[in-house]
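For clarity, chains are labelled A, B, C and D in written order, and residue numbers in each chain start from 1.
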Amino acid sequence: MSRRLLYGMIGGGPGAFIGGVHRIAAALDNEAELVCGSFSSSFEKTAETAKQLYIAPERAYATYQEMIEKESLLPEGERMDFVAIVTPNHLHFEPAKLAMEQGFHVICDKPATFDTAQSVALSKIAKETGMEFALTHTYTGYPMVKQAVQMIKDGAFGKVRKVVVEYPQGWMSTDVENTDNKQAGWRSDPSKSGKAGAVGDIGTHAANLAETITGLSITEVAADVSRMVEGRKLDDDANVLIRFNNGAKGVLHCSQICAGEENDVNIRVWGEKGGLEWHQHEPNSMKVKWLDQPTQIYRTGKEYMSDLAAANTRTPWGHPEGYLEAFANLYNNFISVVRKRIDGATFSEIQSRDFPGIEDGIKGMKFIDAVIESGENNAAWRKI
Amino acid sequence: MSRRLLYGMIGGGPGAFIGGVHRIAAALDNEAELVCGSFSSSFEKTAETAKQLYIAPERAYATYQEMIEKESLLPEGERMDFVAIVTPNHLHFEPAKLAMEQGFHVICDKPATFDTAQSVALSKIAKETGMEFALTHTYTGYPMVKQAVQMIKDGAFGKVRKVVVEYPQGWMSTDVENTDNKQAGWRSDPSKSGKAGAVGDIGTHAANLAETITGLSITEVAADVSRMVEGRKLDDDANVLIRFNNGAKGVLHCSQICAGEENDVNIRVWGEKGGLEWHQHEPNSMKVKWLDQPTQIYRTGKEYMSDLAAANTRTPWGHPEGYLEAFANLYNNFISVVRKRIDGATFSEIQSRDFPGIEDGIKGMKFIDAVIESGENNAAWRKI
Amino acid sequence: MSRRLLYGMIGGGPGAFIGGVHRIAAALDNEAELVCGSFSSSFEKTAETAKQLYIAPERAYATYQEMIEKESLLPEGERMDFVAIVTPNHLHFEPAKLAMEQGFHVICDKPATFDTAQSVALSKIAKETGMEFALTHTYTGYPMVKQAVQMIKDGAFGKVRKVVVEYPQGWMSTDVENTDNKQAGWRSDPSKSGKAGAVGDIGTHAANLAETITGLSITEVAADVSRMVEGRKLDDDANVLIRFNNGAKGVLHCSQICAGEENDVNIRVWGEKGGLEWHQHEPNSMKVKWLDQPTQIYRTGKEYMSDLAAANTRTPWGHPEGYLEAFANLYNNFISVVRKRIDGATFSEIQSRDFPGIEDGIKGMKFIDAVIESGENNAAWRKI
Amino acid sequence: MSRRLLYGMIGGGPGAFIGGVHRIAAALDNEAELVCGSFSSSFEKTAETAKQLYIAPERAYATYQEMIEKESLLPEGERMDFVAIVTPNHLHFEPAKLAMEQGFHVICDKPATFDTAQSVALSKIAKETGMEFALTHTYTGYPMVKQAVQMIKDGAFGKVRKVVVEYPQGWMSTDVENTDNKQAGWRSDPSKSGKAGAVGDIGTHAANLAETITGLSITEVAADVSRMVEGRKLDDDANVLIRFNNGAKGVLHCSQICAGEENDVNIRVWGEKGGLEWHQHEPNSMKVKWLDQPTQIYRTGKEYMSDLAAANTRTPWGHPEGYLEAFANLYNNFISVVRKRIDGATFSEIQSRDFPGIEDGIKGMKFIDAVIESGENNAAWRKI
């Protein structure tokens, strides 16, 4: 098949943040084209967005149901090849379900669903339909994160002993949800965000990053979960003791009330022989530490980087890549798999997928369950 | 006009670096589509590249002349709206000339041309034809550079007194031009690169950055220009004293033999009341220094950033943007002007252009002349 | 009184680390002179050390008892004015007790004593004898820490909400206590170090730093305490959830098995309006963060620093001070109080003491108790 | 000889800066004791300073001549062993001359003298008298600078090709010499400072650092020297092209008008195979760069540091040392040589001296001559 893949988008209308990110990510490598969308619950807004995005008016759909139905009637090469779901958490499950049932692959924002049951159900649907499902845990798309994965997998540091993963934000230090801040609004509304605030929005990113990089699973958490801003309906801060399946221990903390912080999700891992440190704010560098040798600064694009990292890098060293490129890596890797699927490969014939999927989604939802429940029980341990 | 702009590319075939960067930059904001190209002197390679880029086979052209001629016969909306020129330096002038003469706007890699005479001629052609010409001095596309421009223009630091601008690279520390390194090959070949090596390739970036940020002109240079690697045909290192039209002084140095350095073009400017410091390797931060107050760290995307910077930023703070986004800003700003032109505005009706143009190109070529001539005269002063 | 103060030292013989630090700290400001010592349990080693330190042979004492007794018989101005205790933890209490009972002021390394009971007893002795007692929690001696104290006290950031304090070391990543490493030997020996390893050695520093800077008290801990190196007798890693008396929450973690880490005790504090971040590895800088303004970099020695910080700074900005100067600040502040005492002031007449004392010592010991007990109870909460 | 060395000080009275630094540096390692001084041209101030420093009143001398004469009459072990000269530049030569002629070793602040002729004369006197003369180019006392010296000497980076050395300060951005700033006063007064301002005060430090680290000599300079602040009598900014005796080239710039800068003298050196970067503001770290391997961060106190560096380090890694310790290294190394001399070694029997001497002083003065003369001739090249 020699053409760009075609996709449709659910969500991402005026005022949204992550929809635009998905669109840039999909466009970056010239491998996908947005051909239809149901961007908003208001058809007027959907039509307006479609126009801005140069989408044919007839493919601006009032509902995702209509979009999925009508697109499925178009011939291959004209109809969308996959769907991007970028709505708030409570609106992931239904469209993802319908899309897969109608034969469309899905790429979906995180956390996977509103609650764990939905994630499990979605996993079942994915298996039954054989469709591809990608979950956009952006931070694992960075080439330096790939490098970290590879080095730990290769045993560079010996057995992992300790992990500290942090996601400090400060943008909700005041009650912004009571202003016209749309992003804060749905994130602090239990009917849209689910049972968790910061823990769901960013804690899951941190957990996913820690598990992805170490190749381990968090098996147990003891979480001190807080609402620091008066009147807030969901947590805005959590300090969590974590334990891994290999005996490693650590700390995960995430917050929306660390005044003055931006979005510097970061991780430190230590093994028997050394460790690593990576910060999303300077994503092209990683400190690699050793017991007896000077700390090294690994840099994106350099010759010594692993094949996995190199495959997720576009520019030579010294040309900083960022968040959008990391996001585009998720799309790029997803698209390459979808392409193979369209070319005839079955689900099980795909050897590897370099993107998070529904199983990561379930893990994330169970992480939320465990942290919130631990928080409600004065930080008693909860197994995942 | 409600459609993506269409463009063709000259250069950027297999093994090229900057062509791919241009294509990503053009794609990022979904405002332009590559519809044709003459990517290589080998038609086979051009065809192969066209296929990879999902371009219709009939719009893969054997020569740029053919491309410009045939495209000009297509109706608007089908033919390309502008041309991107991404060839080595010696192949900028002729296609740019032809394109503009045939009514196509041009976006061209830097330095503008092979020599100064060509730049001046090109400027004349641009004026006569009324076509838009953008020069891709990437680094001025960074939002933080826009912020620096604005702050100095607003007088935040008082009169500028001193500028240190650096472009240290190390990739040509050995005689890589004698390996199969295509990038090093043409850059160190006087018949393709022109009279300058490092000075033309990266020194011009540094000069452009200094002049753009300060709003000043470099009026005089005294340059110690070297070929540090034996047998190299062009300069690979230059240390330059610079003087500005307001009496400010400074240093510009660029090098391809700073072993271990990547691509960290950086600048420091000091005025009477404070100064700033910006490094391309961490482009989303800028140190702002004051006589009596703590140094501040400005960050891309924050509320206090200027409108000019904000207009060149896609993501909220904490989501690092990089080289490709800076490049895309050049495209985005160029495209918005081309769009107005297509919609009927004349050249002189465009109020402002937020991208470098042919006048910057002439400045760059004259900078090369002055530095190289000074270098050949034991660093005697040369006026620009 | 116009003379240097005279002091004696207990501990600090060959192979010791902290004894030499105390001596440099005492010498730095030319306000104290070491005149006698009982440096080792071996008199031969004591004599050797005395000679190296230019101490009169007759004032090299075989035991601390002998030193205290004989020195007390000398006239003021000849006898020591205070005693520095730099022995391992289990040898703090007895000499401190005897010294104070014999009328000598005491400056003692941390943690205060072998166990909490000893600390409480020592506090009682200090009160009864009216002697001064300083505890060398070095890190609170840094001028930038003083600045942090002052800013938080002044309400610069509003109410403190979250604290993350870390003390990561890697030097005990292998079983160094089974080599000839004297430092590791006693630190991992319960009979010398007490019930805690990393928690006592460095966790107490972290807790002291957090409480000193915030002006708050840690009231509750839930601690995951580990022995990561097989066969080790005491903890080498602890991850601790902490709660403060004002409702703030946070994380404290300390470790001796973070392979590749040195000694970068660091702290981040966030309040309603902003926060701060300080790292001991770069002690002359502190990031000060704000909700709406750029992050600032405070620097030691600058005009905007508080009087408290300025009083603990020796050099102008740009002349980095370090660990020894921080330590010397403790000595300097202790000495200035001792000087007043010798000049006739009573304990209660001293208005303020800018150094940690026995009450900090008790807090530290109770912190150890709570963390270790929590650790033994699967991280159940323990009040302090 | 088993005693502390005794020394006297010339200069360093109330309001001075560097005198206090010398005293701390001398005290730090407990190897020297200040026993006499002529601190000020006002005897009242000298007496006051003597009292503050616990010096016997009879050894507070009205003039340095008196001090040198009277001290020379005292028996060894009571009289001073060496003299520290910490006066402004124009008051170095005479006391140094007299001291050496009277048999006293000298440690002197930089630049060595008021002009080159004095330096040459002093060198002759030193040779004739056989006295030791140390020049306190502080920055070469840092352990990391020693490490840099050793690595380049060992050929770690191959032949040195390029050097960039900077000394940016901002404290004289306004006409502070017209306020009561004593430091600015004499530094900008040609009758006290000599022919150079910034060039003499800090440019010489930069030149000394570059030559010390590379083991090369600067043979030629082309300097753009400015007085940026109106009415200033001496230069406050210089941008200098430099050439070395091995063919390496580079840039040296120093300034007192880089508003917002503190005192971050820094250097970058690149050879054929890699390079290094060191900043005085974070003196315990050094970046070591390689053509093909990740950049390394060398750290003071680590096992991989050279013997030379280790011999100049007091604390284990992670305990930052600073400016005062670097200064103390000069004293410590000077004192160890003086001690050998007192114990009977002749000048030529001393194998090596790990401190700058009068020959460095002459080099510094000739550097000043060349830079100032070049500056007066529109940056024409001048040989050193």
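By our rule, contacts are C-beta pairs under 8 Å (C-beta built on N, C-alpha and C of every residue); 3 or more make two chains touch, one makes a residue touch a chain.
Everything quoted here is computed from the prediction, not taken from an experiment.
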Identity of the chain that, by mean CA position, is farthest from subunit D | A
Same or different: at the subunit B/subunit C interface, is the fraction of residue numbers used by both copies above or below half?
-> same
Dist(centroid_CA(subunit C), centroid_CA(subunit D)) in Å evaluates to 34
Taking each chain's centre as the mean of its CA atoms, subunit B sits from subunit C at a distance in Å of 56
Centroid spacing, where centroids are CA-atom means, of subunit A and subunit C in whole angstrom = 44
Hey, what residues on subunit A touch two or more of the other chains?
-> 295, 299
The residues of subunit B that touch subunit C in their complex are 287-288, 292-299, 302-304
Interface with subunit C, subunit D side, in the complex: residues 2-4, 17, 20-21, 23-24, 27-30, 34, 51, 53-54, 169, 262-264, 280-284, 299, 314-325
Per the touch rule, the subunit D residues reaching subunit B in their complex are 157, 161-162, 164, 166, 168, 170, 173-174, 222, 224, 226, 228, 237, 239, 241, 243, 249-251, 253, 255, 257-261, 268, 270-275, 289-291, 295, 378-379, 381
